[in-house]
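Each structure below is given as structure tokens.
The two complexes that follow have chain A in common; it is paired with chain B in the first and with chain C in the second.
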Partner chain A sequence: MVTSSARIVSLVLQIATIASLVLVWQWAALSHPAPYLPPLEAIARGYWRLVQGDLLFVAVLPSLYRLLVGFLAAVVLGVIAGLAIGYLRALDPWVRPILEYLRFIPAVAILPAALLLLGPTDAMRIFVIAFGSIFPVLLAAIDGARRVDPTLLDVARVNGLSTVQQIVRVVMPAALPSIFAGIRIALGLALIMMVISELIAADDGIGFYILRSQRLFQTAGVYAGVLVIGTIGWALTAGLLAFEKRVLAWHRGWRGLTVASGNA
Partner chain B sequence: MAVLAEIPTIVKNIGGVVVAILLWEAVRMSGWVDPRDLPSFFAIVRSAVDGLSGGDLSWAVLATILSWAPGLLLAVVIGIAAGVALALLPRLESATRPLLEFLRPIPSVALIPVALLTLGVGMEMQLVMIAFASVWPILFSTKAGVESVDPRYRETGRVFGLGTASQIVRIVLPNALPSVATGTRTASAIALVLAITVEMLTGRPGIGFYLQNVRLNGLVTEMWAAILVTGVLGYLVNAAFMTLERLTLPWSPENRGH
Partner chain C sequence: MEAAVSEPVLFVDDISKRYAGGALPVLEGVSFKQKPGEFLAIVGPSGCGKTTMLRCCASLMQPDSGSVFHQGETFRDPPSWLSIVFQDYNRSLFPWLSVRRNVAFGLRDMVASERERRVGEALRAVNLEHAADLYPWQLSGGMQQRCALARSIVVEPKLLMLDEPFASVDAQTRIDLQDMVMDICRKMSLSTLLVTHDIDEAVFMADKVVVLSTRPARVVEEITIDLPHPRDQLTTKESPEFLRLRHHVFTSVRRQAQKNAS
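On to the complex of A and B.
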């Protein structure tokens, strides 16, 4: 449908948008110097220090470590618990009210309790990240496990597969497309909780670096830090989508799913 | 198992909650954590009721709602307008796409320090942050909803002599509303998180500030009570939007099944 001339017009428009935004920013920064409007080269220098220089080890890597551990814990626990609840239907009415309550707690509200019980430690931040991101995975896994074609389960049962084997070899593959949809939402939430936990209770990490730069009026550092977080979010999302594409290559709907998420 | 299957669902629901409360009490008594950090469930509920019936907690909840609602409203207005515009004007969509793709992966909470720099500490900054964070799901679901409107409906409208504005109001928006409503429900939860986070960081009145305050003053039971109440608030916000959708959008695909 899209002709090549339309594509060229949209490319030109996109380049014009980016170029004009960059130019307006730089012009404003140079002609109206204000603390909240640092020139672009200062932001670029700050960005470079964060991804390359001394700040990599005190700001970026601690954040990444906590983000990945918390997120992976949420994914693993969410998938295991979700598949179990979805497969063992009798369990559902017992846990449903608790789940429906916990999933709607705004995850920041948990932070003071985590601080009280675990102190200002990495374990606390990892817990908050995992708590904030587990529910989309858990609910997607329950949903996916319930929609498994019963015939497949009958075949598995006839062939003498144990309950655990049925879950791992039949239920999990069938639920994977749904699980991945949950994991994509969870990644965004994990990133939000990473930043919140560092803004409110940390002495290292990228969130702490941004807040400290703001308090010291080192504004280029604030913008550079935000850009680094954006880069992390972008890279992890791209990695997750590539991984999903690989794992779900057998699944007919994956192409439609990834296109839909690209527009969403 | 056969006996268990005959228990009515509501009894199982309540049974699950009772088991969870018993687990809480068991952890409390096990000595894994300092029992002073984990008050009994009934003490927490009593404190929540006290706090809500005219106590400080009720004012904190009210303050949070009073910044959450206008912020979300702002996001709804901007999100719907921008979503419709992006869906109907392909040139605008492709021109702004790099900007949207650039802003989207940045978690909105990371922009709180930027907002502190440019807007300072105050109501304005809190509203802007809430609206900025919650506008995205509304914008993208509006755009998807408008794009999914069958073009034949608009062509029919054109044949009947409707102008662009009345086509949008009478054909496009009613068709896109179920999708807009879903996006708004997602946004309402995000707006709540942002409101509370800004309160925690800047000391603006509300649940976030209240939580920080009681924690720093060692009022442990009050802190757990506030968390319990915040969860109920989050639950009620979602339930309210679901009910609103059911009552006002009977043509929504989500409501047709009933």
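On to the complex of A and C.
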């Protein structure tokens, strides 16, 4: 049990660490001015512009839009395809050779092809984000579907459920813990692909803003952009975890009891 | 004309089943009939293929030869009026659903009020009303099995199959569950098929006991249990008639087990 005084101490230490880093930076920036060491107000100003100011609509929102569309497409397609492939053994010989090859292509390598096929458009960027983040979800869904307890499927059959009903009402909930693990990984990958697609070919977005700041030697803008990306990543992950916690509350209880009491 | 009046609710006709491409015969020519409303118990030595047989009887699995007729028809999937209670209750209940929703799982094409009414009745029959909003992992073993039982009866089946349903609960709970199952089956006029390794249980609960041989299983003997209803855990089990039947079944099973050992 963590006592409240221990928690306060921990909190104080965390604040102290951050505060001292900030102070060291500020001291260094002011006493040894250098292009790569802008003072904190400049970074803060850049950060504020992105999060609240004029750049919100030019940089942050376009990026977020592409990220969410690509990521959600990856999740939806990955789950549907993964559950079907995992449950319907008949699909295996058709799908496996393709999957087992495609999954090892780093999404970054897809960029030039995507650029050729789709041009420097939002469609290209969304496609790249989706391609880069679909595999963890797909593989997790396949694995989760394959591991469904056959007794549960027997119960579904006895109750007269069709194949589709079985997948939706039994396989999917049973595979959800596995799927969420895949989604967590996919989010990180989606973020990476979002930035890369904007560094390569974009005319708006945070990645583009960072690149432009770099080319104009506006170092504060570069750092601010990086901090904003970190903030977005942190916020989305926190949101995902909170959502997962609610949806999978049953799983924690079930696992907790199963593991704790040593039952199979 | 006999017609539907005496049509057996279950007719297992000379079924055989082999695993491992024929190398492992599990069932070899099993045949028996079950009359509507009859409580049939199937016993046999351990590992003789009782669960395989139940799966074939339920049309969850097709036998390699022979047929299983449910009210005169064969099925590729369990008929809608057949329900099963499996042995492993902690694997057969859906962990993401509450007790109430587990029980309601098989109810479809129904208005919400009707569904609630039926679920409430089923929960009352198994004494789980107070636990309706709990999750399976929050229940004891006996409560979980009662939940599985409620789920099976809420669809108002004609034939209820139970696969060693009390094997994983303690002796006290087993007694309570036996009484509960018998009570429910009588009140709902169910045909019941109980697969069990417990001979006392088979004789106590059933109208007829089918004894299986060792693997590959076939029917060795069918013993009619004409003990009076309602049966009591104490008085019935002390009656000379019960003891005689128990002795009969026990010897039959033991003979099979010894054949296996030799």
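Just so it is clear, the second predicted complex is superposed on the first by the 238 of 264 C-alpha atoms of A that agree within 3 Å, B and C clash if a C-alpha of one lies under 4 Å from a C-alpha of the other, contacts with A are read in each partner's own complex, and residues count from 1 in each chain.
The criterion applied here is as follows: a contact is a pair of C-beta atoms (placed from the backbone, for glycine too) under 8 Å apart; a residue touches a chain by one contact, two chains touch by 3 or more.
Because the structure is predicted, anything quoted here is derived from the model rather than measured.
In the superposed model, A:164 makes contact with neither chain B nor chain C.
When both complexes are overlaid on chain A, the residue A:16 reaches chain B alone and has no touch with chain C.
With both structures placed on the common chain, the touch criterion links A:173 to chain C but leaves chain B unconnected. One of chain B and chain C touches more residues of chain A, and that partner is B. Looking at the shared chain after the overlay, A:151 reaches chain C, while chain B stays out of its contact range. 263 are the residues of chain A that lie in the contact sets of both chain B and chain C, per the superposition on chain A. Taken in their complex, chain B has these residues touching chain A: 1, 4-5, 9, 12-17, 19-20, 33, 37-38, 90-91, 94-99, 102, 105-114, 116-118, 140-141, 143-144, 189, 192-193, 196-197, 200-201, 207-208, 211-212, 214-215, 220, 223-224, 226-227, 230-235, 237-238.
If you check the complex, the residues on chain C that touch chain A are 58, 60, 77-78, 80, 82-84, 86, 88, 90-92, 94-97, 105-106, 135-138, 151, 155. Every residue of chain A that touches chain C in the complex is listed here, in rising order: 149, 151-152, 154-155, 157-160, 170, 173-174, 176, 250-251, 253-254, 256-258, 263.
Remark: chain A residues 9-10, 13-14, 16-18, 21, 35-36, 90, 93-98, 100-102, 104-113, 115-117, 188, 191-192, 194-196, 199-200, 207, 210-211, 213-214, 219, 222-223, 225-226, 229-230, 233-234, 237, 263-264 touch chain B in the complex.
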